[in-house]
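Each of the next two complexes has chain A plus one other chain: chain B in the first, chain C in the second.
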Partner chain A sequence: MSEVKSFYEVDPKGQFICHKCGIPLVKSDAVFGYLNNAFPVEMPVCPKCGFVYVPEDLALGKVLQVEKVLEDK
Partner chain B sequence: MVFAKTKSVCPVCLKVIPAEKDADRDGNIYMLKSCPEHGSFKTLIWEGDVRSYLNWQIENRSIEAPVDGKEPSKGCPYDCGLCKEHLRKGCCMLLELTTRCNLRCPVCFASAGEKESNDLSLEEIEKQYDYLMSHGGPFNIQLSGGEPTMRDDLPEIISMGLKKGFSFFQLNTNGIRLAEEPGYALELKDAGLSCAFLQFDSLSDDAYLVLRGRKLRDLKLKAIENCREAGLGVVLVPVIAPGVNDNEIGDILKFAVSNIPYVRGVHFQPVSYFGRNSLDRSLKRITIPLMLRLIEEQTGGIMKKADFAGGEAENPYCSFHASYLRRKDGSLKSLPRAGGNSSCCCCNTASDDTRNFVATQWGSLSAPATQDTYRSADNGLTETSSLDAFLEYALKNTFTVSGMIFQDAYNLDLQRLKRCYICEMDRDLGMVPFCAYNLTDSNGKYLYRK
Partner chain C sequence: MDHFKERSTRYYRQTPLFTKEELAEREFKCVHEEPAFCYAACPMKLDGRAFCAHIQKGDFTSARAMLERVTPFPLILASGCSGPCGEKCRLAEIGDSVDMPALERAALRLGAPKAGKGLFKIKKKKSCAVFGADLFSLILAAELDRKSYPTSFYVSESSPEEIFEKYAPFLEGDDLNTELKRLTSSDIKIYFDSALSKEFFDETKGNFDVICASAKFRDALGFGSPDDITLVCAGTSLISSSDSCRDVLGACFDARRAAVSADRLAQGLDPSNMRGEEGPIVSRLYTNLKNVLPSSRVPEDEGYTAEKAVEEASRCIQCKCEECIDSCVYLQYHKKYPKILTREIYNNVDIIMGDHMMNKAINTCSLCGQCKIVCPNGYDVAEICLKARENMVSVDKMSLAYHEFALLDMLFSNGEAFLAKPQPGFERCRYVFFPGCQAGAIAPESVEKAYKDLCSRLPGGVGLVLGCCAAIAKWAGRTALHDEATAQLKKALESLGDPVIIAGCPTCMKMLSEDIGGEIKGIWEVLNETGLPEGSAKLGRKIILHDSCSARGDVPMQDEVRALAESLGCDLVETELSRDMTSCCGYGGLVSNVNKDLARKMAENTASDTSLPYLTYCMACRDNFAKIGRESMHILELVYDSPAHDCPGISEKRKNRLELKNRLLKEIWNEDVIEMTYDFKIDFTDEAKKQMEDRMILDTDIYALIDNFRNTGSGMIESATGKINSCVRIGNVTFWAWFTESGENEYTVTTCYSHRMTIETR
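Our next item is the complex of A and B:
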């Protein structure tokens, strides 16, 4: 992997509100775990309840690509 | 016990005759057929029972009509080029750029090097590209022959194809020029070559003497080394002949895995009896179940029969394939079998997605796999380097094992032929399915090839 880090743009920037707690989500570390693999990714997370928002584009993009590589038959 | 019917041809006169699939008492499946004039024929088609044969089948088969297909008149396989009754529009197209060759392989399907040299002119190649683009292109292009590297204008031919809109170019080669000419692999890669499909029958010279007529081991290794230096991907292509090199399958696979990522995979071609194949035709054939058993046995179970499936785009009985991810500790993990897989070329599937996948892998290893934002962090950006790193690792460490069971006049099944996906470009006929183009009667006379 090159030195340059890869970032995923969340839109609208930092404006998500946790529906349950009513407070803004903050950028925090989350881990995607799949079939004994762990991928630490920064995500918008609710600081109170820990809800993690996964942007649709990311879920259907890179995350799906990783799943396809890892998935068992 | 006969459990299915199809059509085939008489190996002597190539007339279409009915054929039956028969589960024999010996536990294998045979094709039985009789020509009123030339007698009965029994050919091994599957080393396994009926259940294993039927289980290999894949449901939900799609049909793609050839673009601007010809009206059939005489019936399959006599109307090739492609006719309206063909069930695939094609994936890989072989351009036979020359009939010249610097080997005289006893097993050559094209009987190359026998006749006067006959190279396609650049104008003819341009016409073939144009024909393909107007008949369903772009396709994956296989630069073939003869030995295509006998020509000095391959870079020009690739550049021309790129300009016409093709993006995937595979070189079907014996590797001699790649080995002997410094800088040649890089020259081809720079011109746009996607990968080398390298004849690679063995890690010792004995098999080369039988199958290719001369010792070639060191040259093959040098060709791979030169491709590695050039960053050009290589797929090893062993012809497997019973009693010649069927005991080397595991060694070839282990060698290939130890050379990931520049060796991208191994594509087996169990020997067929067409063209100039002077091997004894009574030799037993190798069918899909035996190939898979030998792979599992000779790799010590690193690769398993269960990892493999038949091609979904072509007829499943024409091919087998499996994909693996090499883990960081060197072990292999079998990967899921994506829909639409095919085993006809380096790319391993016919879809545009895969063409792009291969292009990403070998076009530029540093290219991101998806369209993401690369910039310094701010509140609206989340870091996904771990996903990218994994995807890049996967791109460099995936490895494919595949094989194709070509058909000859003995085992030809017209149901299989109608789904053929690999075509030879013929200057008069257009696109002709590979196994029809190379079909020869028992005297070596071709149905189509001139």
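Our next item is the complex of A and C:
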């Protein structure tokens, strides 16, 4: 089982600002979970409120791919 | 019971799909692997189908190699073959059979001989002796030599030429020389001018492990006739030819069987042991001759030229049974015939840990049942796929992801959009109209008009039930959910006085008949009885009537619909897919939830005629045909002259159902309806709308997302563009959207996406 790994640069220009806290999202550890499996990944996270941003290409790419593999386990 | 709790891949449970006997019973029905009739009839087991296929391609060398494999003297066989395959050839039923002996001769003449000597074979330790020459013993000696037995051949003749002259007199010229060379270049030790007497036999036989004799010498020795199967003379270990061995083919066949007995005896086994299938058999293969034209044999004259041989071999229709595959897009897509598919599904269900490779195949059958009709033995792939789904759900091996959207849609139909009301003025009704969830979703106006019409023209009151017949849960294999939905419908119908159900959808009609029982009629039947309402459309043009797959086998329903369509002025066109032969539009079995491309292919295959419009009596068929650009209409659209609009999207289908319910509640039952509204407005860009449709995201999901954003402020702003990104978890899915605030309480959504994984910080 290949794990979801960090494969893109997390917010290289520091453009992502948490709407609630008004501070930039930072690279931090997050855990994807599905069907009782967990995958640690580095994601843009708000250090204050914990909002994790999942970009579209990740959701429809690697995340979807891993979901499909697990669904047929 | 929580039907929507995600399973765990770490939870291991499994129950067999079928017993071994049940599996064998199903697999036996598929005759795809059965041998061709020519092969079955040939005692030498020459696969005429493959042989002709080689010659069709002009590959005489491969064809020749096939012959050389079946007998050590192929020219003897080809020259004297009586061709029993000809009688069994399916072409013989409509014209001439393929002239296999002539093709055999052509292959041997036109094909190149095997190059080289082949692999070096170590001779076996046990030795064989063959006494007396005849055609059988000549071939047997060669068969034993091919099996690497040191073989001694005792003959009274003086030379190989004399043997061939006496026992294969039909060979001449080059053919004779070839076979002579084959004999002389073999490792058989031939003892010419042997004095074949009992004394000589008794003296010599002790030197060998296996003893064989020609029929004449066997009689001279005073042995009785050999066993019909093993060819071993009773009470001895002498092998000889059978009494029925009278021609070339008989000699070749006996020699082959005798060589098998020699093998067994050399191994110290009973010669009847493990002989496998010998001689002609009966094939259960089915070959459809519908599109085959009768033809005559190409005359052989002085022997086929390459062109003539190819012409004759091209008459072979390559008998195979692919009736189901020819008709079914699903089987074509998965490139498997039912027997293999069943075995793989069976194994898939049996897997406890690891990848379930057949999940997609299990979940993409439309369950339409066409295979059962087109298969000569009634193979029912749909039953197997449905049972597999139910099995996997029962042991928590079926992922919710496959069918969750459809199941939630069913819960919406039987929840928010559900309605069960008697006609005003009646507590109990004689009838109840059940239009089906897709009718309300796609053509709500037709449903409204139909209900009002039925109320006005049928006595005793007509109730209305808007909801799902539970087909969705059944197709998903979710039996518990199916039972709950059925119980809900039963309760609703009881409250209306168990009226006669007037179904507006063939699938609902079938489901309700199976699950609820009682008297059920199709609306087409009722309209035929009552006559058309005022203002119905008069079509007056040619139109293809597409039968619903749920109407398969229901001839009265098919007839009623035709009668109604004709009264609407339809000039009905029947096709190869009419009535019981119909195929699925891609809606059945929830295919589109699992594989949209395959569902589309199904629709394109079913509505393949682009020149004429399609008339349907199932709203899903109408919708799916329209989606692929066919002009299609549901029969109720014509009856009530209320053409449905363009294909509604997934959100609009829900909205239509809810609005229909609310409108009827207000208009007919004067009930106030509280509609859920938001205090903000969302505009979706065209790109976002397309994404939502493709990614199965409802506009209500995005409303919930923005509502959540407004309440919690949770989200993120991209400083360069000012765009906002936020998400919301609804059930098992996290929905995401990019949007901007386009005004006070107004948002413009530009991108939507979703995933099922959960995400949290550590």
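Note that in this section the second predicted complex is superposed on the first by the 60 of 73 C-alpha atoms of A that agree within 3 Å, B and C clash if a C-alpha of one lies under 4 Å from a C-alpha of the other, contacts with A are read in each partner's own complex, and residues count from 1 in each chain.
One rule holds for everything that comes next: contacts are C-beta pairs under 8 Å (C-beta built on N, C-alpha and C of every residue); 3 or more make two chains touch, one makes a residue touch a chain.
The structure displayed is predicted, hence computed values, not measured ones.
K.L.:
Answer with first, second, both or neither: which of chain B and chain C does A:65 touch in the superposed model?
P.N.:
The answer is first: A:65 touches chain B but not chain C.
K.L.:
Which of the two partners, first being chain B and second being chain C, lies in contact with A:25: first, second, both, or neither?
P.N.:
Second partner only.
K.L.:
Could you say whether A:40 touches chain B, chain C, both of them, or neither, answering first, second, both or neither?
P.N.:
A:40: touches chain B and chain C.
K.L.:
Which residues of chain A are in contact with chain B in one complex and with chain C in the other?
P.N.:
On chain A, the overlap between the chain B and chain C contacts is residues 13, 32, 37, 40, 43-44, 63, 66, 69, 71-73.
K.L.:
Which positions of chain B touch chain A when the two form their complex?
P.N.:
Residues of chain B touching chain A: 325, 334-338, 366, 368-370, 372-375, 377-392, 394, 398.
K.L.:
For chain A, which residues are in contact with chain B within the complex?
P.N.:
1-2, 4-14, 27, 32, 37, 39-44, 58, 61-63, 65-66, 68-69, 71-73
K.L.:
Using the touch rule from the top, collect the residues of chain C that touch chain A in their complex.
P.N.:
So the residues of chain C in touch with chain A come to 6-11, 353-357, 359-360, 399, 401-402, 709, 712-720, 724-727, 734, 736, 738, 751, 753-762.
K.L.:
For a test of understanding, state which residues of chain A touch chain C in their complex under the given definition.
P.N.:
Going by the criterion above, the answer is residues 13, 15-20, 25, 28-37, 40, 43-46, 49-54, 56, 59-60, 63-64, 66-67, 69-73.
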